[in-house]
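Take a look at the structures below.
Okay, so chain A shows up in both of these, paired with chain B first and chain C after.
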Partner chain A sequence: MQLDFSFRETWLHKINPSFKFILIVALFIHILFIHNINIIINYMIGTAILYILFTGHPWKRLLIISIPFILIFLTSSTSMIFFGKGEVTWFKWGLIHITEEGFFRGLHLGFRGLVFATLGIIFALTTRPVYLFYSLMQQLKLKPKYAYSFMAAVRLIPIMFEELQTIRYALKVRGVQSQKGILGFYHLLKSYSIPMLSQSIRRAHRIAVAMEAKRFSDTTKRTYYYLVGFSKLDVYLLIYFVVVIGTSYYFANSYSYFPIQDVRYNN
Partner chain B sequence: MEVIASVNKLRLKFPGAESLLFKDFSLSIRKGEKVLIVGSSGSGKSTLLQVLTGLIPSSVEVPMKVENIKIPLSWGFVFQDPESQFCMPYVDEEIAFVLENLQIPHDQMPSYISYYLKQVGLSFDDMHTKTQILSGGMKQRLAIAAVLALESDVLFLDEPTAMLDPEGTEEVWNTIKEVGEDKTLVIVEHKINHVVDFVDRVIILSDNGEIVADGSKQEVFEQYKHVLIDQGIWYPDAWKDYLLANGKPRPQSTGWDSNSAITLTDFTGFRGKNKKIEIKNVDVFPGEWITVLGKNGAGKSTLLHAMMDLIKTKGVYTIFGQDAKKINKLSDYAAFVFQNPEFQFVTNSVYDEVAFTLRLEKWNLDKVSNKVEELLEFYFLKNHEHSHPYQLSMGQKRRLSVAAATVKGQPILLLDEPTFGQDAKNTFAILEQIEYLRSQGTIVIMVTHDLNIVEHFSTRVWVIDQGELTIDCSSSEYTKGMHKVVG
Partner chain C sequence: MGRALKLTDILVTIIIALIFGLVYKLWGPLYGFVSVFGLHAEQLIYGMWFIAATVAYLIIRKPGVALLAEVAAAHGEFIFGGEWGVTTLIFGLGQGLAAELVFAAVRYKKFDMFTVSLAAIASAGASILIDFYYGYIGDLALWNLLLLIGIRCVGAVLIAGIFAYFIVQALEKTKVTNLIRPVSSNDYKDLDK
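Let's look at the complex of A and B:
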């Protein structure tokens, strides 16, 4: 099995990975303090533009990736909509109690989940792991030991997919027909995980020895094949988010979708 | 001449092993020597290389004691498995990894990388190529390039071609010959045909870690041939001597039912949406041994997968007159043996492994134990019935995989390179066992690269080229044609 995600390189790919990482973590934290549903909707539009136009991946793939987003939106909003507290009742049936306040709070949560997911996926789609770890070593002084272990591990992922398929074939060849129920699931888990684990441990050990045979050591200094620095693009990304957040707040006040400033429930 | 690496009175024991692997073992290697170390699996050849480079005990923690040890100032190590010696996903990054370790300045790296790639005869339009798409031979040459980047005078090679096809094997040895000319080489290998030309000293290790022979290659090959045979080393005349010793006639597939057992018509196999194998029309008869030949990636394994219904297929495929697609459990009719035996083990002991399918079929206990005992006896596994399958040696694993696959006595046996990576002794043993099954009427369809098997064991040859069956003839016709081409 070949895992090949080819894409067009955009300016987002050229941003310093450590900077991108820290920026997105900061944005995550900031989002937690937004309680105005109008702001979060504008915010979502701003990140969606980045996702759709600048990740450089084909339309089809972007569309497929957004399927779980919808799921996140639905699950996080519905529970709040159905069971949230509120005073203006719209509908009541057994445990389900939909109120105006609960409804908007649910929508707000859904949109918040969407923004989170979009930001995360933008990072994942536009950052090559190798550059990320080179950047972490150079800008954030991550120890090479950890950086290279992760890079070696990333390399093993496609190999593991191949192994998974081989084991599937092997079980079929041996006449194993999947059993039903929890016990069946347990057997299935066991027959996949033990060979895969044992192979992975062995392979990891071999790679570690091979790395040391190539004079990899944590104590000596090293030079870098990729020098990851900063550029104007980093500033552009920062400006982009400042503008998105600024306009989100501005438009939320002057052209609001809903007449609600704070979705939290206050007595 | 100057001694470049040596150990004196080495004592080493693997945790859990019953006895010392090496007991007062001494060896020295002089500058410029090209040394070949042979020995059966488990004789400690690889361990010895790791001791001589200091990887044991610094990277691999194994208790050892030594009176004197000299480790070369700069050395390079090429490992067996091409897949698990890279730590970066791209060709250029892999060599750059070594250069980084040696603190070569960033701006000089690209020129170094292309220099080393050129030395091993690799050229790419773009050095930033994924290692994943390289062939096995190319991967090993890349590994050699990375080792050359260490600028070391001594190269240690631990069965660098054990996992390669004949083409890749030749590529790699030619490369080593070229780049190793002015270096000291220490080679561990059990397929020695390609190596004998350029080594000048041969060392044979015994099963208990002692030096049986050590001398020039002429001396050793003349005086210790019986040891080589005994240890299953693939020395140049291994096949010839085996045939002489056994007086083996070419098998005949006549005398069996003349109705075809398998029929394939316009049979195609798909991986994803791509058609990967197409067979226009063939009939297979009981008692036939078909070897499937072809380049890497031609579709040989895919053919076996298609016949085992592991991938999507179209067209006519009948087994004894029944439509294969309507057979509920194809594994009742066909047994499949994988290239890597470990992947087909599903239990925790040798006995359970063989009994597994029978238990699934709900055979009664006595019948199960009789059948299992019989098979363990036949495949020389009786003494290991309680071991975990993973603890067996390469040869034992292979035999167990065949035993476990064929336990139901299926009339069709599909094998994907069963002799791959096996030493001579195990290869002959497994071929004889398959031959026995064939002589009982089993249909054997086997993917291999070994033309000796075609000549001496199989009855029919299929050649697959770019997903199509291009040659279908008897083995004798094929080998005749082959000799014509060669000589």
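Let's look at the complex of A and C:
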């Protein structure tokens, strides 16, 4: 299987992975306290700029990756739009009760989902998992046995895919017919998951025994093949988000899209 | 008998978690598709996102495994480019902790369907708690909120409780679980025969 996944390395790739990770988690927690839909829309524009211009991937791939974003928007917003609490009724039909407040709260949730998704995808596109774990070991003192286990596990994924294909062929060549209905689905699931799990566990066990013998779990006086440090680019990223958040608040107050300050029901 | 996690336990847990991480990733689009039917039909399949913790616990039977598995699975979903981004990590942490608490309450000695179902409900509870902040679900109409909680718990028990239990039972027949479980007193008795 040949999969072209080449990309241009940008400054986002060079940021310390641990720092990037902590920053994104901090942003996540901060966003939970934003209840103003105008701020969140500006925020979304700020993260979208980072996603489109600085991830270094061709725009076609970025476009394909962002297709599920539509689904995120819909799944995060629809329930709240149709069933949210509110005073000003727009539409009522059976159980569905669309109110102005519920509608904007739903939109807010949709945009919030989009911001989280973009932040997550920016991280995933610009961080090599190996560097992330080396950085976690060096900067955040993650125990090596966890980090190396994770890295080894990630390397085993392609083998799992191969195995999945093998199982498919094996079932086909033996003429296994899938039954219909929920029981058939259960059998189908079992015929894939049991060999997959058992083989993976056996392989993981073998590798782990070898790794223990090679002292991968040793913590004293470790040296690292990759040394991950900090640079001034880390500061740039921090400044970028400070500016994005600052301007989001500023523009939300002076040029708002909707005359709503807080989407929550009781405040 | 050491109960701390060895590298072997960790690697096996993470492998199991990554398999489920892949399932979690594929579950996202399915979840989106089912949610089109409305009335929280999607909550019935939400339980799949709790399964890594219960399956890993049933297989390895050590403290800390449930939490590690759920976080690793969430992390897996994240690095496979899951749509929900960082959100998954927070939810994974909450759900894993909740399941771990249930297993700690039975002192890591019970491995039956009831215990894992309880853990599944605890995970569902944690996810609902996070949703109160993340999804404003407290602002849904009351009947709708109760419907969401009810269906999510039912789905959790069905998938992360009962289904997980049957998967591990089937797996036990392959004897692969004997490789990694800590030795029990029964094993010592077998030696004396």
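We adopt the following convention: the second predicted complex is superposed on the first by the 255 of 267 C-alpha atoms of A that agree within 3 Å, B and C clash if a C-alpha of one lies under 4 Å from a C-alpha of the other, contacts with A are read in each partner's own complex, and residues count from 1 in each chain.
What we mean here is this: a contact is a pair of C-beta atoms (placed from the backbone, for glycine too) under 8 Å apart; a residue touches a chain by one contact, two chains touch by 3 or more.
Every value quoted in this text rests on a predicted model; they were computed, and no experiment measured them.
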Could you check whether chain B and chain C clash or fit when both are placed on chain A?
-> fit
Quick note, chain A centre (C-alpha) to chain B and to chain C: the enclosed angle in degrees to the nearest 10 is 70
So, A:Val173: does it touch chain B (first), chain C (second), both, or neither?
-> first
Which of chain B and chain C A:Tyr265 touches, first, second, both or neither | second
Considering only touches as defined above, state whether A:Ala208 meets chain B (first), chain C (second), both or neither.
-> both
A:Val154 contacts which: chain B (first), chain C (second), both, neither?
-> both
Would you mind checking which one, chain B or chain C, touches more residues on chain A?
-> C
Report for A:Val130: first if it touches chain B alone, second if chain C alone, otherwise both or neither.
-> first
Please work out whether A:Ser193 is in contact with chain B alone, chain C alone, both, or neither, and reply first, second, both or neither.
-> second
Does the superposition put A:Phe216 against chain B (first), chain C (second), both, or neither?
-> both
If you take every C-alpha pair with one atom in chain B and one in chain C, what is the shortest distance in Å after superposing?
-> 8
Chain A residues contacting chain B in one complex and chain C in the other 148, 152, 154, 198, 203, 207-209, 211-212, 216-217
Residue numbers on chain C that touch chain A, as the complex places them | 6-8, 10-12, 14-16, 18-19, 22, 28-29, 31-32, 35-36, 38-40, 42, 59, 72, 75, 78-90, 133-136, 138-141, 144, 148, 167, 170-171, 174, 176-177, 179-180
Within the complex, which stretch of chain A touches chain C?
-> 24-25, 27-28, 32, 65, 68-69, 71-72, 74-76, 78-80, 82-85, 95, 97, 102, 105, 109, 112-113, 116-121, 123-125, 129, 145-146, 148-150, 152-154, 156-157, 160, 190, 193-194, 196-198, 200-205, 207-209, 211-212, 216-217, 263-265
Note which residues of chain B are touching chain A in the complex, please.
-> 50, 53, 55, 58-60, 76-77, 79, 81, 83-90, 92-93, 96-106, 109, 132, 146-147, 150, 305, 308, 310, 329, 331-332, 335-336, 338, 340, 342-346, 356-357, 360-361, 390, 404-405
Seen from chain A, its contact residues with chain B in the complex are 2, 130, 148, 151-152, 154-155, 158-159, 163, 166-167, 169-177, 191, 195, 198-199, 203, 206-217, 220-225, 227
